[in-house]
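Shared between the two complexes below is chain A, which pairs with chain B and chain C, respectively.
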Partner chain A sequence: MSDFLDVLSVLILLSSFILMANKRIKSYIQTFRIQSALIALTAGIMGIDILSKEGRFDVLIVCVIIIAMKVIYIPHLLNKAYTNVEYKIEKDFFLNIPILIFVCCMIVVFCYFSISNTGGINLGIINLRVVNSVSLILIGLFFMISRKKAIGQIIGFLVIENGLFITAMLATQGMPFIVDIGIFIDMLTAVLILGIMVFKINEKFDSIDMNELKNLRG
Partner chain B sequence: MANVLYAVIQIFVIIMLAPLVNGIIKKVKAFTQKRKGAPVLQMYFDLLKLIKKSVVVSDVSSWIFKVTPYIVFSSAVAAALLVPVTTMIMPVGFAGDIILMVYILALGRFFMMLAALDTGSTFGGMGASREAMISSLIEPSILITLFTVALIPNSTSVYQIMGSMKAADFPLIHPVYILTFIAMLVIIIAETSRIPVDDPATHLELTMVHEAMILEYSGRNLALIELGAAVKQLVFITLLVNIFIPHDQFISIAGIGAVAISLLIYLIKVIFVAVVIAIVEVSTVKLRLFSIPNIAALAFILSFLGFLQYFILGR
Partner chain C sequence: MQINSLSEQGTLLIAAITLFLLAAFAALILIKSHKLCNIVSNVICIIAAFFGVAASVIKIFIDNTSTHINIFTSTIPFISIEIEFDKLSAFFVLCLSVLVICVSIYSIGYISHYYGKRNVGLFNFLYSTFILSMLLVMISSNAIFFFFAWEAMSFVSYFLVVFESEHVENQKAGKLYIIMTHIGTAFLLIAFMIMFSYTGSFDLRGSSTAIPEFAKNIMFVLFLIGFGTKAGVIPVHIWLPRAHPAAPSNVSALMSGIMIKTAIYGLLRFVLCYLHVENTWWGISILCIGIISAVLGVAYALMEHNIKRLLAFHSVENIGIILIGLGVGFIALAQKNEFLGALAITASLLHTFNHTLFKGGLFLGAGSIQYATHTKNIEKLGGLIKKMPITALLVLCFSLAICAIVPFNGFISEWLTYQALFANIIPGEAGINILSILSVAALALAGALAAACFVKLFGISFLGRSRSAAVENAKEVPVTMNIGMGILALMCLAIGLFPTLFIRGVDKVVSGMVGTSIINQLQGGFIIAFYPLSISGNAISPLVILGAIVGVILLAIFVIRIIGGKYIERKYGTWDCGFESLDSKMQYSATGFSKPLRIVLKILYRPRREVEIEESASSYFPTSIKYKVSTEQIFEKYFYAPILRVLKSLSRKVKFSVQTGSIHAYLVYIFIAVIVLMLYNRLV
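Right, the complex of A and B next:
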């Protein structure tokens, strides 16, 4: 059980690296879907474990909500936004891809050195998973600032949310149900609004490049 | 005495099996394109035919051109000696042999690049410069992968690494091994001139890398280089399957029967990896030459993350 969770936390971290190495907006959405599926799998494994040990089934409900929202609905929504915009591939980065990946790697090193010195959560095996999931949050943040197009930034936001969820999940064996539901509804609203905004930005400026937003005269 | 026998078995198995792997990869690719494809044993026929043909050597070339096929082939075979096919037969083993294996293969590649430059043809120089670029990009990730794998048993001997893997129940369910396994797959694809990096089936001057270097060779020399490349590919596949998917713990009997069963399971694993490589090859496109640093960076990061996970995990 514990080995499976270790491997899953590493695979989730790896999916964020693959996301960082991608250029096509279609593959962003696909990689995000895979990452969410891995998170749902983690939640499912933990949910079954908690159900058999303590008799709570709220983690399993959370798992079902993740599958419905992050694996099916939000990628579908983003795909719809993607068909409307004309940018299919991201061309101009602030840094080139190998440097972006190296910076991500340095983020993991940074997380390792900062988290391994803290007490409390530093209880043996939890250590590894918390390092991986906190670096997932920071990589999501870095993904958001490294991309110029709006859909890339939405994906970055969703990766941050995934990171927060998986950190809470792995460190605390499942948060209170009401907190999870609250976060999910917040995120769903944010994505809906952002999706509409992508459409509007595209309509107004013929592009979803964020740099165009500097001149707001329309 | 037994060691000599083991070495002979090992060399015989690797050389005889190496062209078969290429045949399987080509057959799987043909099936996915709804073709019947060449027979699985086609490469053996090709090699036999090439050995019978006479050799043409350019007037302007030096001795490097003539000795290179022998160096390429013998370096590949020497590297094959260092990677045990099963833990039951152990031809050559000493501390640090995994590093020696990487650089023996690099020696063969170095001479191949020299020979490609030697004849002074345009394609040779182009292929050699591209090969130098790819190999220098991939080399750090090979070494870090092998060092990471060597950290756990605290030994750089392939035999010891395989021994420690045998102790684990499912070696792939482990954060370090799963990352280095994926890194190793990427490395194999880059090292053996497979599709995202180089296309083995093309002779288009804009894209070829490995083919451009061996363009001037003919007859027996070409046969030796092709067989050397196939042996090198099988050495990497052997390293992959034996480090990450060990099988010897499942064999309870001893003696000559155990070795035979072990070799059979080894054959099945090699065929499995060949099919995986073929699937990767048909499902991706060849990258631009300037996109190869991205793949190399990903392979490096995979191996480096594996290295990091070893310390994060603390065991």
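Right, the complex of A and C next:
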């Protein structure tokens, strides 16, 4: 099982690189869907493992919720938002894509550097799964910084959430069920609100460019 | 809820707390009927304060143990309401309760001018909560609870300061007050954190041996700044002369009478009882601050013509005198001279109590004047003694007391402070000797200036002719207001005439802290007291001095009447130099009265004057002359203004460069913060 998890954590990290290299908003959503599916798969494998060893099935429920929410419902919501805005492709970046990818690599190296001697996580050998998932959080944050359009910000936020979830999952073998449920409901609310905000920003400024929000400063 | 180990004064204390709460809620329940609400709430406060007096008197004079009450323990760490009632707390609770009794009696009449105009229910709610929060500050037993009570006290008093919020200057005063008090609180919070980080406990009665020397020094400085801000010592006094005039007079009486004394309580509780005085420089710095506050406070008071601002500056002066006593005490204790330490701290505690009485009384007097004339400017008063004779008599008593004139109480405590300073001149200690001699001189200067100031206050506002129509229509205030002030005046006189009785009580408090009793060294009996007593051989008895003065006056009358022979007495108006009639503009004004001192202390006041003469046909008969004089507040100009300028330009820069409004910039800040934290995790 350990091998499966290693492979999956690398694949999840890879999906965030793919996300970073994308320009089309439609493919942001697709990549996010794939990433969520991978996370659901991870949760499923761990859930089966825990069910067979300890008899708990809450991780499996979490897995089902992930599939329902992150793989189906939220991408569906985002697609609806996508059809309503006129910007389909990100054109101007603060940094160009090769540099972004390079920075992402640096982030992974930095996470390795930072986490490799943290007590409690590394049992004998360096826990690469945690390194990968912490990198995912930072890459999500960096994705939010690098994109100017509001949908990019939402996707970045969701990637951060994915990263937090998978970090908690891999570091603790499943958090208490109630905590997971709480986080999911928070995230769902956040995405709903953000989706509405995208419409509003689009209406008010004729664009979803976050730089327009500067005008709100007092 | 659990209440353990209740002794009788514990029960009394709990009863007092409950009654104050009841008063607060009664005020809210009866909010519709202004008169009923005011009377009910104040009467409950008076009863509660009587419980407080009973509890503290029993504690000071009879009980020698310390009462610990655990009202409420929660599962949240450190959040618990623990009360510890020892002699020091009892002494301050006594000050509070005595003042509350008088002020509440006064408020029954005073608040009547709010009926139908303002929210009396809200006012009484805040008033009762304010008293309760001060009570809790004095009896709390852990630093967290102390901090909560302290903050509650600051907030509630802020709302009371801005109660008449339609005036812009009141809002400004409130804003300045809340900023200054929070700066002070921040210092206290840091000190509590240091305390916890070394001892692992917030217990105020715990031991401080685990705290190393340098941390103790830092804590002392933090406590000094934090409590100093509340006490209003110079140079952090600037909120005091603004907040006191803004608040309603009964609240200013409480604020000046007892709220600023919570800072003295804090210094005694934390520095003396918790940290234990170890370094001489602690006492020296308190002494220096005390000297500066005493002299400059009274000097600024002289230039004020707003009666409440003037009194507020006198609070600065009196806090200075209290701190002089405290400073000498700390110096002596650091040098293991316990007798002198006890004497000086007795002096400063007695002055605390005395100041509570007469300054509370003076603010109530100012309130009476405002109630009758609707003005606070003494240049517009005059001749009030004919309109309100009782108020005039009471204000005269308080003025004599604050000027330290026999036979009132101010004299007793200042005399003890002088004695402590003289006794502090020990052969061999050159630096401290010079400081002591200088502080004697400074205290004498402050006393003389205070006397001049109160001659001005009383003379200009009560004597002479009335200067405005408001005074012409003034009437004597409601009887409850005079009763409230009268009790305070009687107590001032009682302490002045029978000081040993009160010193005995203070001595019990001090000997509990310091371990040495000084009462046996004081000569004299129950009625005629001589002090001090054996240390320097000086002996003085207020009663005998009073007797001597009366004797001299009688002798003079006797000599004039009997030996001088008969003469005819003719009653006639004052000679008016041939003018048509005397009017109120021909009398000495407050500005004119303080002119000589303004010239002498030019370096401090930097006075500027403007004279505008409107000429008519002849230059000898101008149609009008306007004379305007203004003095400079050097601390505000040279200390606060530069700091504010730097802060302002800094915040403007931050607004335009850091807080740009761009979401990406904020995300970058978060990103950098996370990276730095991860780096910290790796490297440390």
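Simple rule for what comes next: the second predicted complex is superposed on the first by the 212 of 218 C-alpha atoms of A that agree within 3 Å, B and C clash if a C-alpha of one lies under 4 Å from a C-alpha of the other, contacts with A are read in each partner's own complex, and residues count from 1 in each chain.
Rule of thumb we're sticking to: a residue touches a chain if its C-beta (ideal position, glycine included) is under 8 Å from a C-beta of that chain, and two chains touch if they have at least 3 such contacts.
Since we're looking at a predicted model, the values are computed, not measured.
Engineer: Once both complexes are superposed via chain A, do chain B and chain C end up clashing or fitting?
Structural biologist: Result for chain B and chain C: fit.
Engineer: First (chain B), second (chain C), both or neither: which does A:S2 touch?
Structural biologist: After superposing on A, A:S2 lies clear of both chain B and chain C.
Engineer: By the touch definition at the top of the document, which applies to A:N84: first (chain B), second (chain C), both, or neither?
Structural biologist: After superposition on chain A, A:N84 lies in contact with neither partner.
Engineer: How many Å separate the nearest C-alpha atoms of chain B and chain C in the overlaid structures?
Structural biologist: 16
Engineer: Between chain B and chain C, which residues of chain A are contacted by each of them?
Structural biologist: none
Engineer: In their shared complex, at which residues does chain A touch chain C?
Structural biologist: 94, 110-111, 113-115, 117-118, 138, 141-142, 144-145, 148, 153, 210-211, 213-217
Engineer: Can you name the residues of chain B that touch chain A in the complex?
Structural biologist: Answer in residue numbers: 170, 173-175, 178-179, 182, 293-294, 296-298, 301-302, 304-305, 308-309, 311-314.
Engineer: Given the complex with chain A, which residues does chain C contribute to the contact?
Structural biologist: 659-664, 667-668, 670-671, 674-675, 678-679, 681-682
Engineer: In their shared complex, at which residues does chain A touch chain B?
Structural biologist: Against chain B, the touching part of chain A is residues 3-4, 6-7, 9-11, 13-14, 17-18, 21, 97-98, 101-102, 104-105, 108-109, 112, 116, 127-128, 131-132.
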